[in-house]
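Chain lettering (A, B and C) follows the sequence in which the chains are written, and residue indices restart at 1 in each chain.
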Amino acid sequence: MITKRWFVGGAVLAGALFLLAASVPGQTGYKAPRTGDGKPNLNGIWQAMTSAHWDVEAHPAAPGPMWELGAQFAIQGGAGIVEGGQIPYTPDGLKKKQENFANRMKLDPEIKCYLPGVPRAMYMPYPFQIVQNPKYIMIVHEFAGAVRTIYMDNHTDAPAPSWMGWSNGKWEGESLVVDTKGYLDTTWFDRAGNHHSDELQTIERFSARSPDTLNYEVTINDPKTFTRTWKMSLPLYRRVEPNAQLTEYRCVEFSEEMLYGHLKKKTS
Amino acid sequence: MTRRTALIAFIVVVALAGAGSVARAHHAFAAEFDVNKPIKFEGKLIKWDMVNPHSWFHLEIKGEKWMIEGGSPNQLIRQGVTSKTVPIGTTLIVEGYLAKDGTNKAVGRNFILADGSRLFLGGSAPGQPK
Amino acid sequence: MRRISAGALAIAVAMMWLTANTNADQQAAGAGTAKPAPRQGSGQAAASTAKPGAKPYKAPRTPDGQPDLGGFWSNATYTPLERAQNVNKEYYTPEEFKKVMQDAQTRDEGQTTPGTTADVHYDFTQFGLDKSQHTIAQNLRTSQIIDPPDGRLPPQVPAAAARAQAAAAERKQQGGQYDRVQNMPNGSRCIIMGGAGPPLRDAGYNSTYHIVQGQGNVMVLTEMIHDARIIPLDNRPAPPAGLKQWVGMSRGRWEGETLVVETTNFNGRNPVGGGRGGGGSTDAVKVTERFTRISDDQIEYKYTVEDPNTWTRPWTALNYLQKTNGPIFEFACHETNIGVSGILAGARADEKRAAEAAAAKTGSR
C-alpha cells in the first residue's frame, strides 16, 4: 500500500540518487549542444586552472627555482588532482620520482621545450583547442604546438612509440572516451618529477558539465611504475573571450642555450 | 653497377623541389660525419628508434654499442612498417661514415641484410646489377 | 623492390592519368580567378579526374556544412616554383614532362660516389623518402607561379637588395654556421620548416598534410615538426598589430566552394620566396590562399603573396594537394634532434684537431 510516507521517502531517495549522479563526473545530466553528426560538441579552446603543473599531488606554496625571481616565479600551492591523494608508486617508482625531483632543473623535459605528453599537456597553464570531426578529433596545444590525433574510427595499434601517444577514441553517451597507448617513457606528469614507463596506458573521459566547462578525468594504468591504476580529475574551462585563439609558443629557441650552450665555439 | 657523382644533380633536384632546407641538411651531414672515415660494420640490432627528424639504429658491433643514423620513419610507417618490422637481433651490415665527435656513432649510407638484400626499399646492394 | 621498375611504373601511371583527364584549370572554381586558356600546342594540364563537359565538382559536406577538404594530402611535385630559364611556355607537352620526371627520378635514384660529400647521408630511396615513392600532385605546368605570366618571381624593390646585404653582413658578424646553434637554419634547429608557411610549400620529402574541419574551423597540419594551423571562419576582426608569429595569424571564409585564407602578422623569420641570395618576404607580407576541392582526390591550392617591401607586385602560384594515405606519425623533431649536438660537437672536434696540428707545427720548429 502506498502511503504518504512511502511517497515522501521515494522522493527523498530519487533526490539523493539525482545528487549522487550529479557528483559523478560525466553524469551531471547536462547535455551539450550537438554537432551536425549528432555528437556532443566539444569544439573550442579550453584550459585548466590548477597548480597541478607544479605537482599533481597536494602541496603547499614554496620558493621557486630561482631566488632572483622571488614571488614572481615561486611554486603555487594546491589541493592536487590525484583522486585518493597519493600516487601509488612501487618502491622503485618512488625512488625514481625522488631522483627526478632532486635533479628536476636538469631533467624536466618541459624546460627543454619537449612535447609534454599526456596527461600533463591537459593541465599545463596553456590553452588547447579541440577540433572535432567524425573521423578525427584533434587536440592542438599552445605549448610547443603539441598535437594529439584521436582516431575515432579505424582503431589500430601504435606503429611506434611517441611523446603524445597513439589515441583511439569513441563516444559513450555524453562522454568522449580516449584510450591511449604507445607512449615513450620520456615525459613527466608535472614539475615535481612524477613519471611513468613506456607501458603507460591512459583512459580519458571528456564530458561537458555546462556550456563552458568540461569534466576531465584520466585513469593511469602502468603496472611497471604503480601498484594499481589510479585517477586524476579536474574541470576544464572554455576560453570565452571574443576571438579567442591559440598564440604561438614556439619554445625551441628558449631552450637552446640550456641544451647546446656548452657546444658553442669559444670566442677568444 | 655504375656509380656516378650526383652531388650537383642532387642539389638541382632539391632546388627544383623548392626544398632548400633539404640541401642544407645534406651539407650539415658532412659537418657531423667525416667523409674521410668510411666504415663498413656488421652488427646485431638492439633497437630501431623510429624517431624524427632522423631515425637511429642501435647496434651491437663487436661487443660495443653503436648508433647509426637513418632516415625519417614516416613514409615507411605509411607503408605499414612498425616497430616490430625489424626484429631485435637482426644482423645488419652498415656502410657509412664515422661521426666527427669521436663517439660510437655513424651515418648509415646503406643498410644491408645478411642475405645481401637491402633493408626496406629501393636501391641495389653494391656489386649487384642495377 | 628495384628502384628502376618502381620509377618506370610511377611514370607510366602518371602518363596514363595525365593523358586521360581534362584540363583542371578549366574546372577550377575560385572567385575572381580568370581561367587561363591553354597555349597553342602546349597540351593540357590534366590534373582532375572529372570528365570533360561535366558539371564542376561539388565536394561532400562536413557535418557543419563546409565543403569537405578533410583527409591526408601530398603536395610533392616535379613542377618548380619558377619556370626554368630556358623554358618560355606555360605547359609542357606530355612527352616533355615525361622527360622532366625521368630526369628527376634518375637523379633521385642515382648512386652517389663514395668519398664525396653527397655520399655522407643515408639513402633516401631506402626509407621511401625520394620523390618517386611519394604521392605526386601531377600537372603539366612549367612553373607553380602563374602570375606574373612569365612564371617567375617579380623583380624585387631596391630596399630588398639593401636588406639582403645587411643580413649577409650580420650573418658574417655572427660567425660560422656551426659556431653556435643560433647560426643554423630554422629547419635544422627544428623550429619550423619552410613548407609550413603559409603558403604551404612542397618539401623535399614527407610533404604531407592532414586537414581536419571542426565546427567553424579548419585545421591544416603540416607533417614535419607537426605544425598545426587552425583557421577560424567566424569573420573575426584583423588580429592585433603587436602579435607577430612565425606562421602569422590566419582568417578564413568560404566563397562558394573555395576556402579563402588571409594571413598577416608574420614575424618575417620564415620568409617566402627566398633563395638565390634574395632575402624573401618581410614581416609585412600578406598571403592569401585559396583551397578548392576539384575532385575526390585533388584540391587546387592557389596562393598570392604581397609584400611591398620585397617585390614590385604581388605574385600568385598554383599547386595541387593530392589525396594520399595516412597516418602522419608524430614528427617530434626537437626532442630527438641529435644532429644539432653532433654537428656542433663535430665542428668543435675539427677546431681542436686543427689547433693541435698548428701547435705541433710551431712546437717542432
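Simple rule for what comes next: a contact is a pair of C-beta atoms (placed from the backbone, for glycine too) under 8 Å apart; a residue touches a chain by one contact, two chains touch by 3 or more.
Keep in mind that this is a model prediction, so the values were computed, not measured.
**Student:** Going by C-alpha centres, which chain would you call the most central?
**Tutor:** Of the chains present, the most centrally placed is C.
**Student:** Going by the touch criterion at the top, tell me which pair is linked by more C-beta contacts: A-B or B-C.
**Tutor:** More contacting C-beta pairs are found at B-C.
**Student:** Calculate how many whole Å lie between the centre of chain A and the centre of chain B, each centre taken as the average of the chain's C-alpha atoms.
**Tutor:** Centres of chain A and chain B (C-alpha means) sit 38 Å apart.
**Student:** Between chain B and chain C, what distance separates the C-alpha centroids? Give it in angstrom.
**Tutor:** Chain B and chain C have C-alpha centres separated by 25 Å.
**Student:** Could you list which residues of chain B touch at least two other chains?
**Tutor:** 50, 73, 77
**Student:** Which parts of chain C, given as residue numbers and ranges, touch two or more other chains?
**Tutor:** 178, 190, 327-330, 332, 335, 345, 347-348
**Student:** Where in chain A do residues touch at least two different other chains?
**Tutor:** Only 159-160 qualify.
**Student:** Name, in rising order, each residue of chain A that touches chain B in their complex.
**Tutor:** Contact set of chain A toward chain B: 157, 159-161.
**Student:** Note which residues of chain C are touching chain A in the complex, please.
**Tutor:** Interface residues on the chain C side: 62-65, 70, 175-176, 178-182, 189-192, 210, 212-217, 219, 221, 225-228, 230, 232, 236-237, 239, 243, 245-247, 249, 327-330, 332, 334-335, 340-341, 344-345, 347-348, 351.
**Student:** In their complex, what parts of chain B are in touch with chain A?
**Tutor:** Listed in rising order, the residues of chain B that touch chain A are 50, 73, 77, 81-83.
**Student:** Please give the residue numbers of chain C that touch chain B in the complex, ascending.
**Tutor:** 1-4, 6, 76-78, 80-81, 104, 107-131, 133-134, 144, 178, 184-188, 190, 193-195, 201-206, 208, 223-224, 274-275, 324-333, 335-339, 342-343, 345-350
**Student:** If we count contacts the way the header does, which residues on chain A are in touch with chain C in the complex?
**Tutor:** 35-37, 41, 43, 109, 112-115, 129-136, 138, 140, 145-147, 149, 159-160, 162-164, 186, 242-243, 245-248, 250, 252-253, 255-256, 259-260, 263-265, 267
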